[in-house]
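Structures for review follow.
Shared between the two complexes below is subunit A, which has subunit B as its partner in the first and subunit C in the second.
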Partner chain A sequence: MIVKVDGLKKKYKKDWVLKGIDIEVEEPQIIALVGPNGSGKTTLMNCMTNLLTYDQGEVELLGQKNSDTKIFKDVSYLQDNRILYGTLTAYDHLKFICDVQGLPKSKIEEVAKRVGMESYLKKRVQNFSLGMKQHLLLAMVIINDPKVLLMDEPLTGLDPTSAIDMRNILLELREEGTTVIVSSHNLDEIDRLTNKIYFLKDGALLKESLEQFATKEYYLTVDDLEKAKGVLEEAAVPFLIYNQEQVTFEETDVELQTVIDHLNKQGVAILDIENERVGAEKRYRELFEGDASV
Partner chain B sequence: MKLLVFEFKKMFFSKKFLVLLAFLVALVVLLFFRNVILEDYVLDEKQSNYSYLVEVSEMNNRTYTRQLEQDLEEGTEEYEEIEMRQEMNLDLLNTADELHNLVGTDEWQQQLNVEISFMEQVRDYRMAEGEYPITEEEIHHTLALNQQLLAQGIPKEIENYSHAPPNFLLQVVNLWVTLGALVVVLLLIGDLMTSEFESRSINLLFTQPFNRAHIIVSKFVSSLVIYLIVLVAVLLTALGVSYLFGTEGNFQYPVIIEVDGVLRALTSVDYVVQAVGLMSLMVVFMISLYLLYSLLFKQTIMTLFALLGTLLLGYILTATFSMDALAWFNPFKYVLPEQAILTQENERWYDAIPVTLIVSVVLLFIASTKIKTSKVD
Partner chain C sequence: MIKFIFFEIKKATKSAFFYMLLALLVLVVSGYFIYNYIQTERVEGEVEEAEFKVSASERSLEEMGFEIGDDLYEITDHVERLAIESDIQMIESNRTRLEGYENHDWEKVTQVEVDMGEEHFERFPTQAEEQVYTWMTHFSREVHLERNRWLRDREIRPVFPIHSFSELTVYDEVFNSEIEEEMAHNFNNIHSSSGFYFLYRLFEMFLTVFGAAFFLFLFGNVMTREGLGQNGPIHFLYTQPVQRGTVFVSKVITIALMSLLTVVGVGLFSLLLGVVFDRLGAWDYPVLIYEPEFQFSFMPMGIFSLWSAMLFLMVLVFCYSWLFLFSVLARRTSIAIGLTLAVVFLGVQFSEQLVGAYNPFLYFDVYEIITFETALVQENFNINLVNGVVSLGVSSLLILVVSYFVMKVKMK
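Showing the complex of A and B:
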């Protein structure tokens, strides 16, 4: 078993933050952990890595108890950037990891190239932007080619290009046999990363495969937007106008072909059709609609 | 070892360490030039002090004259006593005047001899129930010091205003062991471990594949090395600046200590070695205690409060209940090591060295055990 969390419970003051979490991962995959702020995502990861005490339950990573620090030879945990030391350079951080992991120094250049941080490798962390710190954190957790990678909000502070790079690295890691458990608020990115999504709601885990919720959102570019609006309103098709230039609708509301037929019949030319999978966000809205923190 | 290098780098490159180091070096240099600048002023003060003693003697003389002429009858025992005191007082007056005239001259041996005569006269005068503004302790100390200086052929330096290397070094070491080192160490290590919990950077260390006890050992060793760097920098600055801009000195310069009521002399080198050694031992104890407290409280203010409270309480108890039998078991006697060297009453300066080392090792062991199960909440 790669990851085994059995009946994990944690109380904070009088409230149960985690109410008996069970996770079993047998094959390398990417699992997304999703929930509103304060739902316990970070707490769960901190308990799994034995950073926090918990009241009940057991955690095994790669068949070993999480109290054994040797597991961190093959388990990495990307945490928030407060773990970095401002007065040291990125190189110092990576060298430290190499030293304690028994890795050759050549891994530093290698991983810096992989995450695109060669240009500021020798600079002090106190001068880093949020995105640069995220790059360093990523480099620190993948330098040892871990078998299990826990990531807490890895996309925080990343610009779109870096977010895409991060996503590609995670997909590569999955291909290389790494199990990734990632928490994120970026539901679009989660949609692109995995189908396996665990929602954390009121201290309990709802494990779901997005396949059953996945839906496509279509974006049609037409030659006459006003005319298209009139046609679809008349045909009682639920739609929205996106960015003042596209007609958008979900496939669960109406089939693409029906919309095309309505528009074509009235002489509206369709210039382009784009679509996006929106399973995570859709399911998230269903589960957490009305929650103050959503 | 790998973790040690990382810990050392964290401390060495911290702004706090570099600023503190620069500040201390500047402070030592300023202290030296303060001594140089105030040299004439101190000599003037010394002369004024002798002038004051001359005035005291003159006043005493007038009182005695009045008593002899008006109040007492010639031939009585009391009359003879006052007459004798007046004579002694006149000797004191003359010697104080001679000392006043010798201040600032090159006749250092004569100064020492005259000062010895003066102190002996004061002692005799006090024994004859005369009142004079010099304490018994001052008399004994000056006599012992001057005799040592004469025996070794070393000119006397003005205490705390010297610019000869051995004496300036003594001054710096005295400041260092009298709370200076404690303050510096508290500033250096005050958040060594607690800041890791407060900023959550401890999470990085706790999620690496090594025995967590290494964190304690590496933090202990690196902070000790940082302390030694600061100490060496301070001592070298003191020596360097006084060699470059000061006057010639002698490292055999005596430091007077009291052992079982008897005054003895240590060379300034021996005193520096003992004082710095004991202070460093106290620092070892402090760091060990800090590391344990930091794991218990995980918060800087609470940890420092507990550490200072323990040291203060220990020292107060030591000073209040001086039990000779406990000297071997009391590490708190080194909170102010200067006292442990200068006054050794039925105990020796080295008595508590083994217990301080043992207690430090035990504290480190407990901290190393505690960190293995330590969590960040």
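Showing the complex of A and C:
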């Protein structure tokens, strides 16, 4: 088992901020943790890496308990940029990791090139922009070629080019066999990274819809919208009218061909068919509609 | 561990504030050296004084119609004969001194002082009973005599002035007048720009609670810069494959090591100033060590400096342990330093009578501990270097353990 989180519970004062989290990862993949501010994403990651103690449950990373600090040879955690030392250079940070983890110094140049931070490797962190800090944080967590990589808001402060580069690196890491657990507010990027999305709501993990978000949503333009409505209602097909113009439905509810057959049979002409993937954003809106923090 | 220590050193030394304080330290040491250089009584001054005394005595003899070589026993007036004897002795002793100064024959120079001291004790054998606490006490005269014997036997170039008035000990409590007291203190306030003596004076002056305060500012952010409990750099360190205790222990070792290097650096810089602008001086120059029952001994200045530095380092570790505790509790550098200084100053000021020799706050005045001056004043000779190291070490360890566990709790 690569990652095993079993019944993890964490309480701050009287409030449960994590209410029994279960995660099991058996194959290398990218998993996204999505939820509004205060939903417990960072707390979950901090508990998984034993930076925070927790009240109940167990965490194993690569088959070892998370209390064993040796796991950090193969497990990396990208955190808030406040973990950086302003007076030190990027090189100093990376060299320290190489020293502690017994990595060759050549890894520094290598990772700097991969992340695209060669030009400011020897500059002090206090002069870095937000994006440069994110680059350094990324370099710090991939320099040791981890098997498990936890990332808390890695896209914060990145310009579009850097965000694309970050996404590509994460996809490369997945190909190389790294399991990545990433939290982000950038749902578009999450959509592009993975189908495996865990929603965190009030300290509980909602995993019921993992794969179904890979489904498509169809938009049909017809010659007679009213007639089409009647036909589909009669056939008990779940659908919606989009923008007073189109019939829309999800692939998981009904197959496209079935809808076409129903409409054709009743003489409704289909003028155009568009489809769109049902993304994290839509599901997020469904789950967190009405939450003040959304 | 060693990697962590190097990383800690790098963190500390890459701060502009650190270098500003080091520059300030260099300035203060240099300034104090300049002051000592100006105040140093040079051989030329001693020569001038000896020549003046010789000519004054010669004039006095001339006025009395006496020439050296005349038969002293022909003088019938007892008072006049004593005056002539005194002048002759003055001329002889100062001529011997002058010879010594001219040839850098320090054995000869100190022998004059020894002779005069021995003669004094022969002439006033009951002084031990009479002058117990009145300046110049019998004890101080004995110290002066032994100091000059020590210098003579080792052929050490003395730091001037070396006349008997320059000796002032803790027994010299009563003075006949304020002028006498001021004069005694002035004569005793000996300066020298020679390396070892300057270092000795520097340590006497700065290895105190004020020196400790400087080091607290120098390394004040060693814990707080990790952003304890605020997703700060400590989380970066804690996600490396090392035991968490290593992070804490490496900080203690680093701060102690850097303090040692700073103290050693100051020591070497002081010696260098001495060598460049004057001379190295004698490592075995005698430092008075008090013993019970009006006894005393001397310690070579080099050894004295080493013991002083060692005890001061323990004082610093004790201060750092408080700093660590308050850093963990307050999480802000200024508050942590402020609270540490408050504890130290209050402890030094008000805890003298607590737990006797095992009170760590007793050991902040390093100079007075090594010389046993504190022990003598407090009539407790258990207040010594060894007990100081033990009490400071044990209490530091306890506070550090408490700090570590408080940190663990606060990080939850």
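Just so we're on the same page, the second predicted complex is superposed on the first by the 225 of 294 C-alpha atoms of A that agree within 3 Å, B and C clash if a C-alpha of one lies under 4 Å from a C-alpha of the other, contacts with A are read in each partner's own complex, and residues count from 1 in each chain.
By definition in this document, a residue touches a chain if its C-beta (ideal position, glycine included) is under 8 Å from a C-beta of that chain, and two chains touch if they have at least 3 such contacts.
Because the structure is predicted, anything quoted here is derived from the model rather than measured.
K.L.:
Put the two structures on top of each other at subunit A: do subunit B and subunit C fit, or clash?
P.N.:
Overlaying the two structures gives a clash between subunit B and subunit C.
K.L.:
For A:L88, select first, second, both or neither according to whether it touches subunit B, subunit C, the two together, or no partner.
P.N.:
Both partners, subunit B and subunit C.
K.L.:
Between subunit B and subunit C, whom does A:K13 touch in the aligned arrangement: first, second, both, or neither?
P.N.:
A:K13 contacts neither subunit B nor subunit C.
K.L.:
Given the touch rule stated above, what does A:L52 touch, subunit B (first), subunit C (second), both, or neither?
P.N.:
both
K.L.:
With the two structures fitted on A, what stretch of subunit B runs into subunit C, 61-69, 79-87, 97-105 or 169-177?
P.N.:
Only one listed stretch clashes with subunit C, namely 169-177.
K.L.:
Which residues would you name on subunit A as touching subunit B in one complex and subunit C in the other?
P.N.:
Comparing the two interfaces on subunit A, one with subunit B and one with subunit C, the shared residues are 46, 49-53, 69-73, 76-77, 79-80, 82-85, 87-88, 92, 96-97, 99-101, 140.
K.L.:
Inside the complex, what are the residues of subunit C that reach subunit A?
P.N.:
3-4, 6-7, 10-11, 14-15, 225, 227, 230-233, 235-236, 238-244, 411-412
K.L.:
Of all residues in subunit B, which touch subunit A in the complex?
P.N.:
Residues 2-3, 5-6, 9-10, 13-15, 199-201, 203-204, 206-212, 375-377 of subunit B touch subunit A in their complex.
K.L.:
Quick one: in the complex, what on subunit A touches subunit C?
P.N.:
So the residues of subunit A touching subunit C come out as 42, 46, 49-53, 69-73, 76-77, 79-80, 82-85, 87-88, 92-93, 96-97, 99-101, 124, 140.
K.L.:
What part of subunit A is in contact with subunit B in the complex they form?
P.N.:
It is residues 46, 49-53, 69-73, 75-77, 79-80, 82-85, 87-88, 92, 96-97, 99-101, 140 of subunit A that touch subunit B.
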